[in-house]
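See the structures that follow.
Shared between the two complexes below is subunit A, which has subunit B as its partner in the first and subunit C in the second.
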Partner chain A sequence: MSIWEYANPKKFMQTSAWALPWVTGLAVIALVGGLIWGFFFTPDDYKQGSTVKIIYIHVPSAMMAINAWVMMLVASLIWIIRRHHVSALAAKAAAPIGMTMTLIALFTGAIWGQPMWGTWWAWDPRLTSFLILFLFYLGYIALWEAIDDPDTAADLTSVLCLVGSVFALLSRYAVNFWNQGLHQDASLSMDAEENVADVFWYPLLICIAGFVLLFVTLVLIRTRTEIRSRRLKALEARERMA
Partner chain B sequence: MMPDLGKYAGTVLSAYGVTLALLAALVALSLWRGARVKRALEAQERRMGRNG
Partner chain C sequence: MIALLLRDLRLAIRAGGGFGLGLAFFLIVTVLVPFGVGPEGDTLARIAPGILWVGALLACLLSLDRIFALDFEDGSLDLLATAPIPLEAVVTMKAAAHWLTTGLPLVVAAPVFGVLLNLQGEGFFWLTVSLALGTPALSVIGTFGAALTVGLKRGGLLLSLLVLPLYVPTLIFGAETVRRGTEGMETGAPLMLLAGITAASVALLPFASAAAIRVNLR
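So, the complex of A and B:
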């Protein structure tokens, strides 16, 4: 069996219908479990007080803001190289989810930053690259809506996605490229000395899993909607021609 | 049951409030549009089935 079988809309609809209840159930368990653990059963940080609880929504949403764009990049490359419609529709389906994750990361970052840094916003490398990423999401969604022909829209949005990937990468590595600004280094690290303490790390890990599973759930739901919408438009066109 | 959030209660609760509201809106919109498109497609398929 080849992975490219799932590029067939019928096969995708069958497989996603089977997978959706499982992924949705796991997403709910991980999200609810992780957030309850983090919010109710973890201590305050000795420096940041109770604001450390924002880490359980800020870090997973920021990670998904970038990862959603990476997923869109892979799907766009598949469209450009192999012309599979499902991949173009999956990229389209993922964009509003990624945009919402970026918005959550920006909002929670500003809310967290105000008491810690004394300001809601600074033109810091990571903050600025996230704002630009948000604008790329907006532009990507607007471009899909602005073009009637779906294949042309998929071509042009794929190119925009390739260009935007530079900013997605910058958002991820901004704190490494420029050792300046208010934003601290990455909260998560393979180095145990630099990683957040275990008492915060385990619930955070569950929350990250929850956000990933929520993303997968929503991509499946929205891609199914895009496939149905494409078929609906094709049937309406056929009816008009008849 | 509610943890003592101290002087940062407003900060933490508003961050959670904004996040849950945005996620709820995203999920609701995705489900609403999915149901609307599915209904429209089924109606179209029925109509074309009847008309041959």
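So, the complex of A and C:
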């Protein structure tokens, strides 16, 4: 029994079909519970008023925007090294979700920034690196769409993902160099002196868990769809041959 | 390898090679900017470093799809891939040829265009230095983008979408060097980072480009 058994599409379909309802259920419970707790049962911040509640969407989506790219990077590496098709399809499935998470983080950030900083957008390092991350997602998805042959597409997008990761990281530190920002520093780290107060911290944790589960759910569904459409294509090709 | 470099240079310089198009494009961008932002010397002097760097970057981008497209169409790319020298070396030479025909003219011409944008004092020196150090990275990164899109019909627009985000760090450090130089500040840090990006790209990216070409020729 090893994780590589799930490289077999049949095995993957069986296991994911069994796991999907559970993951979906947990995601719904965590999201609904966390968001309701966060929106209705936490106090307003003494400076920010009720706008502080955007944190329950902004922070988890921003985390998932980065984690989705990391997951694509790992899946691309697995595809390049071991050539498991499920892995390449999972990377393809994750990209639009990660892009949506990036957009959500940018938009909720703008809505938050308007009353707090007095502006929708500032060329702050964090904001800028998220915009650049969005462009990387865009290029990655466009490359998948542009190539007809699925194996060629998987190879080229994997190479792009590897190179893109290096440059995305580089850009993230380059923009630090270029401009100082308005955005606050990390306030959820385990080792930091000063963190978000516990009242906000617990519902936020549940929301983060909810977003992780939501991401897993969506990736599973989209990967299953990709596998099915690949099977359909194979069937159609066989029809034409006959 | 030298023969390959000379062949690419000859092809680029002779009729129909598009040599100088990038330079002309750079000139036009430089001329258009004052129409857009107004002729006041102060404004122009402040934005000149950025505009010159963005202009050089776009001019570089313009000629990228020519790196492999013609060789791919007439089949010589297949021959190059089966040639006794490694594909990584072929890719490096292609990038070098692109730099010699596009990057180097930009480096030489940029100070002249700086006059048009009212670039100040020290800026001319730092512009030349930063472009000389930075444009090789632009060529090598662009070659990677061209290698990814070589087999595609209408790859041009996709190529810009893929390559422009990769240009961000180079642009930041390049323009920052010139800006600091113009204002008489310390330029060592951004210049060294720029040189670092160039060195790392030249050393590592040819492997990625060669891998992409192998996939595209399969």
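Here are a few things to note about the model shown:
Going forward, the second predicted complex is superposed on the first by the 225 of 242 C-alpha atoms of A that agree within 3 Å, B and C clash if a C-alpha of one lies under 4 Å from a C-alpha of the other, contacts with A are read in each partner's own complex, and residues count from 1 in each chain.
Throughout what follows, a contact is a pair of C-beta atoms (placed from the backbone, for glycine too) under 8 Å apart; a residue touches a chain by one contact, two chains touch by 3 or more.
Keep in mind that this is a model prediction, so the values were computed, not measured.
After overlaying the two complexes on the shared chain, residue contacts for A:136 are found with subunit C alone; subunit B is out of touch.
With both structures placed on the common chain, the touch criterion links A:54 to subunit B but leaves subunit C unconnected.
Touch criterion not met for A:144: it reaches neither subunit B nor subunit C. Comparing subunit B with subunit C, more residues of subunit A are touched by B. Looking at the shared chain after the overlay, A:171 reaches subunit C, while subunit B stays out of its contact range. In the superposed model, A:155 lies in contact with subunit C only, and not with subunit B.
By the touch criterion stated above, A:225 is placed in contact with subunit B alone, subunit C being left untouched. Of the two partner chains, subunit C is the only one that A:163 touches; subunit B does not reach it.
Touching of subunit A by both subunit B and subunit C, each in its own complex, is seen for no residue at all. For subunit A in complex with subunit C, the touching residues are 132, 135-136, 138-139, 142-143, 146-147, 152, 155-156, 159-160, 162-164, 167-168, 170-171, 174-175, 177-178.
Note for the complex: subunit A touches subunit B at residues 39-40, 44, 49-51, 53-54, 57-58, 61, 96-97, 100, 103-104, 107-108, 111-112, 114-115, 214, 218, 221-222, 224-225, 228-229, 231-232, 235-236, 238-239.
Per the touch definition, subunit B reaches subunit A in the complex via residues 1, 3-9, 11-12, 14-16, 18-19, 22-23, 25-27, 29-31, 33-34, 37-38, 40-41, 44-45, 47-48, 51.
Within the complex, the subunit C residues that touch subunit A are 144, 148-149, 151-152, 155, 158, 161-162, 164-166, 168-169, 172-173, 176, 189-190, 193, 197, 205, 208, 211-212, 215-216, 218.
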